[in-house]
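In the two complexes below, chain A is the common chain; its partner is chain B in one and chain C in the other.
For the complex of A and B:
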């Protein structure tokens, strides 16, 4: 019993929060602002509690397993969740169904935790579904906007489709090997064509969820239509969780197939970077812009994955951590502007610096970090991804990747130029930043500037990966 | 002497600038920081010479190493040899002058100085780091300040130029990055320059990585055909921005070509030296002929920078000790000279509000001080003995002459011809600006203010110190060139 509690502590805490929120709807009579404080407080406690009393081991006949690395990954996601609840305070407070939104997001997070901890493909599939469907429901919460329901519809359809593909892959794996247990699969992989086909189906479903080109078509529409808090959740937390699982599945379960997936990843990575970057060049809406830029970022994550080394896995986890800070900072500023003025176009940001210097600096820092310019943490994150990818000695691949960094700089600078250089008669008026939001923005900004210099973080993650 | 202080002083200055309340405080803080840095570099120069005189023959002095990322073998490894000391001296002179020349910046003063100091920090860090990763970090850290300096405070088609500069430099660093990875995996998983120089990097790797690294750094130092950002960038930048760009930032590329590309991959350098020589000779000649066609004063100096920086790469490509020494001297000399040139152009532009040389004339009558400096700098640029340009270019030619075969002779002679062209455009430009009849609307112009005078005098001291007594610089640089040459001799 005791072991059960220590091992499943992250999930149990999330479940407790979900129940508290559900009860709060039963006429306890919180007003919006108190409820928001309660949620933020609980998430903060949950994040801090994640560091204490953790165990390693497995439960339910190896259905569920956990280790220090998995606990760390969950903590990273918890951190992202705390930041989201702080960054979008204003929008959440105005939302009529505050408790429901958080119940849905936390349920999705719970699903991701199960997915990360899964030791069996069935458990993995359950977690994945649980992580997807609630988010689709949450995407409709801009109730008065038509695009919001459209986004939810697109997301539910495309994820149902990809789940179908994944289930097909899982059933083929069971047919070919007679087991779904992660620890038993590697020994049974012998390169049989049925196994390869099953693996490719599974891989495709992963690519769908991570919005790897050519499976990315749902991303931009969903990001644009959803409320910005949910968009941030989708692009940072969901993507981070899938990246964690992707790495551990490929490295541990499908290690014998690494020659097959190395080539697949290389092609997909180049396509993802190129398409994401080239489409981002032409976007005017800031949410679509960030959507395509985050597609391009996935291409970079794939470079790290392709290396098939301890350092590759470490770089991916490190990059997700950095990515949480940088992307959330960008979404945070865009969210504030969109909430207070309703403006979402890059042109609306012209001369933003004059009226909102603090927000401009944070936005600029976030964009520099996304494009990988020092001294921001994104520079270190991207460089480590590239270095681990370079261990294969594939210089053409690396040059394409490095030149993609240049393309991405072009469109990130477009926003910077609008904020700092372009003239505008009526810039966006000064925005009153909520105290909680300010803290979160400072945490993100601090993370962006400082995280790169704390080399021990990287070394720590690497020690856990081993 | 602890080298870390050279990075910390600009960092603290930049933060202090950001915390200041009004413009006066900002300016004086930046000036104080830059002056402290100048004193520190002079002190470093003295300490370095003392240590050498005391018989310390280690390749790098004042070394220190702190591990940053253990899993990648990355450490903050600092150390200097004569070449780095010369570059640091150059940087500190230009920074002080640049800060003084920006005294009148009214728009967003605080941000301007913050970026300026950040840019200088990148240069200092670059010249003292002995770890490729850290070196690359400092190389890239300077890109964004340049972009913002040109884009916000520039003139003309500034947004286009800023974008072009940022993207081309980013492209250059992308090539450097890939070349770096080649060194890392070819040389026993280390980014440490000293360690890499002791390992023999496989020739196959060198053949791939040398062009990547050389072209990558070459973008920074206007290697033909990657020079196109130079004229636009320099002419659109604010005065201090142009001074930093041409005086410091282009030298990062030259230093990188020498220290990283040539030193670490001698076989690659020998293999590709003919291509390097041809490209840099084209830059030298093309730059000087292109200058003749320019009417805009800043474009004149920008194109002539392409030509002068071509000499740096030519010297490196010749692969003789004297030529490499000359290349480093040319970097220092051109850095000081071009910074002073841009400063003078800035002074004139601020008063006449035009940069077209045919709209000016007779400025010697109303601005005697500025015009005199302009004469000195012009003569330095065309290589008059007694000034720094002559010393540096002469050393390069002497070094090139040591290569006796037909090809090298022909290139050397062709490059020497550019001096004649230089004389033509420089004399024509100066004559048009300073002499002849003065226009009525320029009669009320005033001469340089105290800060401008101080800035130009500081740089002038540098030019005269190199021009009149070149041996201190030669003695400083040539042991470093000797070490590089030893590796190349082995490769030949």
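For the complex of A and C:
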């Protein structure tokens, strides 16, 4: 029993929160603002509690397993969740169904936790579905907007499609090997075409969740239509979780196939970077812009994944951490602007610096980090990804990646230029930043600056991966 | 060993001063910023004295040898096993000495500036920059890793740039700060390449390991570094020469000296701190830090250090005789004195009696810091009083500025090497070392020290004697207590620091070195110095035309000297006419047409492709599903049938 609690602590805490929130809807008279504080408080406690009393081991016949690395991954996601709840305080407060939105998001997070911890494909599938469907529901919470329900609809249809293919893959694996247990699969992989096919089906479902080209098409529409808090959740938490899964399943379960998935990732990564960048170039809407740029970032994560080494796993996890800070900061500022002024176009940001210096600096810092300009953490993140990718000696691949970094520099800096240099008669009016939001913005900014300088962050992750 | 936290605090307090002044100074604590910074610096200086005292007299010595201690070390970036950039503190005699010098002079300048910079618009910014400089300089001297020293080296350059250009409304100040930055950056390029060569050959960036590997005769690293050569000079010597190039840039050695006179555009206390006592000796410090490698494994490079130092010393002394801007005289004098320190290192050997040059160089660095800072601060007081840098606006100030006059005189006597002032002892040791090892350098040094006495007293008589002073209008006196106190303290130092038995504390191998005093040996330099003073007195004590006649007689030479041997013009010719026309223009054309053209084409094509593929993103979910499915099938076909 005791072991059960320590091992499943992250999930149990999430469940407790979900139940508290459900009960809060049963007529306990919380007003919006108190409820928001309650949620933020609980998430903060949950994040802090993640550092204590952790164990390693497995439960339920190896259906569920955990290790200090997995705990770290969950903590990173918890951190992202806390930041989201702080960053979008204003929007959440205004939302009529605050408790429901969080119940849905937390359920999705719970699903991700199961997914990360799963030791069996069945469990994995459950986690994946649980991580998807609630978000689709949450995406519709901009109730007055039609695009919001369209987004939810598109998401649920697309993910149903991808789940179908994944289930097909799982059944093929079961058919070919007679087991779904992660620890038994590697020994049974022999490179037979059926197995490869099954693997590809599984792989595409991962790729879909991470919006790898050509499985990415839902991303932009869903990001644009969803409320910005949910978009941030999708683009940061969901992607982070699936990146972790990518590393753990490919490196452990499908290790015998590594030649196949190396090539596969290489092809997909190049396509993802290219298409993400090319689309991001032309975007005028800031949310679509961030959506496509995050697709391009996924391409870079894949480079790290492809390296098939300890350094690769470390750099992916490190990059996800950095990416949480950078992307959430960007979404946070965009969210504030869109909430208070309704403006979502890049042109609206012209001369933003004059009226909102703090937000401009944070936004610029986030964009610098996303484009990988030293000395921000994003630079170190990309550097580690590329160096671990380089260990395979495939330099053509890296040159393409470097070219893509150049393109991305162009469009990220376009936004910075709009904010700091372009003239505008009617810039966005000064925005009153909520205290909680301000803290979260500073945490993100601090993370962007410090995570790069403190080498021990990387060393710590590396020690855990080993 | 004391708690390392004290040493770390020595670094952190100036940094805190920088941050506090930088962030809050302008709006919140403008008037108090000077006091707060000075207090922080005072604590820093006390800690530095405490650490140095403890090191020299209590814990530093084991079995009579001063140890190199590492009280603190943090591995910051590990490239591979053994090669890492550390942030550490290396405590050895020269570090302890430099801690004292830097904090002491910085404290004096902080106090002095309370009066000198009073009423400045950017008062707190000034103190912020001073804090940044002090932090970087201290970081430089404690560095335990050659890359760490490089980082702080650059940081020192940046703060020097900021302070030279402090009066950024003046175009000349902006130009001077740019010049200083660019020239030293150029030299630092050499330094960086030198670091790379050294660390590649030694397989480490850590000073102690590096020195140990490159000096012990049986080490494989040393053998390979000496065996390979380029243009007849071994790889190791190339590395050391390039490292020295960085040092020569910072220390304004010939021919990289051109930035130093212009750097006098900065506020005068800054010149005292950076361009007289601390930053400019960084090059000497760097050579001293790597001295075992120079002396044991790379005598060629060390010989070059000696020659460059000797040339600079003489060259600058000659120019200093003709300048009329008093700060420029001091600037060239600084360059000349640093030349002394450099060639003292150059003529030294490692260990024992032969290492006298090393001790002498460090000793001179120490005493020079005291009297040169004093000279600059005194000059600052004079400039403050007459509102001009030019000698012709001065004269007869001895009556209205008695304290300045007296302290300035002490400093002049010290630099001229008149016994028993500080400069006498250190210069004597240098001359002795040169006499034993390199006669040529000895004669140059002797001539230079005569010239030094001459130009310093030319300066002195021109400011304080010469014509009578006519008080015009109201004058604000000599400057308050805060400006006079540092002068008096430094004057005490300049007068008595020579009696410190320096060889006991600082020597090339850590063993105490007994310095002997040779009466018959010191007669020549002292007589030469007194002669210089006497000639200066003849020429400049009263207004007369003797000096003009001499100048007329030596017309061409005088003009060339006055114009600093046209070195600036030579550099301008090389950069503007040759580099711009033959390298810059073609490079610009290439850049504009080929590089930019490619980038633009890349950008345009990217946009065009991006336009073409936008139809994929139709917004129709059915189509998405089709693309999805074709992706799956495509992958399956590719990896099952084609790519096996």
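Structure notes:
FYI, the second predicted complex is superposed on the first by the 466 of 466 C-alpha atoms of A that agree within 3 Å, B and C clash if a C-alpha of one lies under 4 Å from a C-alpha of the other, contacts with A are read in each partner's own complex, and residues count from 1 in each chain.
Operating definition for what follows: a residue touches a chain if its C-beta (ideal position, glycine included) is under 8 Å from a C-beta of that chain, and two chains touch if they have at least 3 such contacts.
Bear in mind the structure is a predicted one, so any value in this text is a computation, not a measurement.
In the superposition on chain A, contact of A:455 is made with both chain B and chain C.
Contacts of A:197 after superposition on the shared chain: chain C is touched, whereas chain B is not. Look at A:158: by the touch rule set out above, it reaches chain C but stays clear of chain B. When both complexes are overlaid on chain A, the residue A:270 reaches neither chain B nor chain C.
When the two structures are aligned on the shared chain, A:402 is found in touch with chain B, with no touch to chain C. In the overlay built on the shared chain, the residue A:410 is in contact with chain B and with chain C. Once chain A of one complex is fitted onto chain A of the other, the partner contacts of A:278 are limited to chain C, with no touch recorded for chain B. Of the two partner chains, neither chain B nor chain C is touched by A:104. The interface of chain A with chain B overlaps its interface with chain C at residues 403, 406, 410, 455.
Taken together, the chain C residues at the contact with chain A in this complex read 75-78, 602-603, 606-607, 609-611, 613-614, 616-617, 619, 621, 623-625, 627-628, 630-632, 634-636, 638-640, 643. Contact residues on chain A toward chain C in their complex (touch as defined above): 153-154, 157-158, 161-162, 165, 193, 196-197, 200-201, 203-204, 208, 214-215, 217-218, 220-221, 260, 263-264, 267, 275, 277-279, 281-282, 403, 406-407, 410, 455. Remark: chain B residues 67-72, 74, 133, 136-138, 140-141, 143-144, 147-148, 151-152, 158-159, 162-163, 166-167, 170-171, 174-175, 177-178, 181-182, 184-185, 208, 212 touch chain A in the complex. Those residues of chain A that touch chain B in the complex are listed here as 311, 314, 368, 373-375, 379, 383-384, 386-387, 390-391, 393, 395, 398-399, 402-403, 405-406, 409-410, 413, 416-417, 420-421, 453, 455, 458-459, 462.
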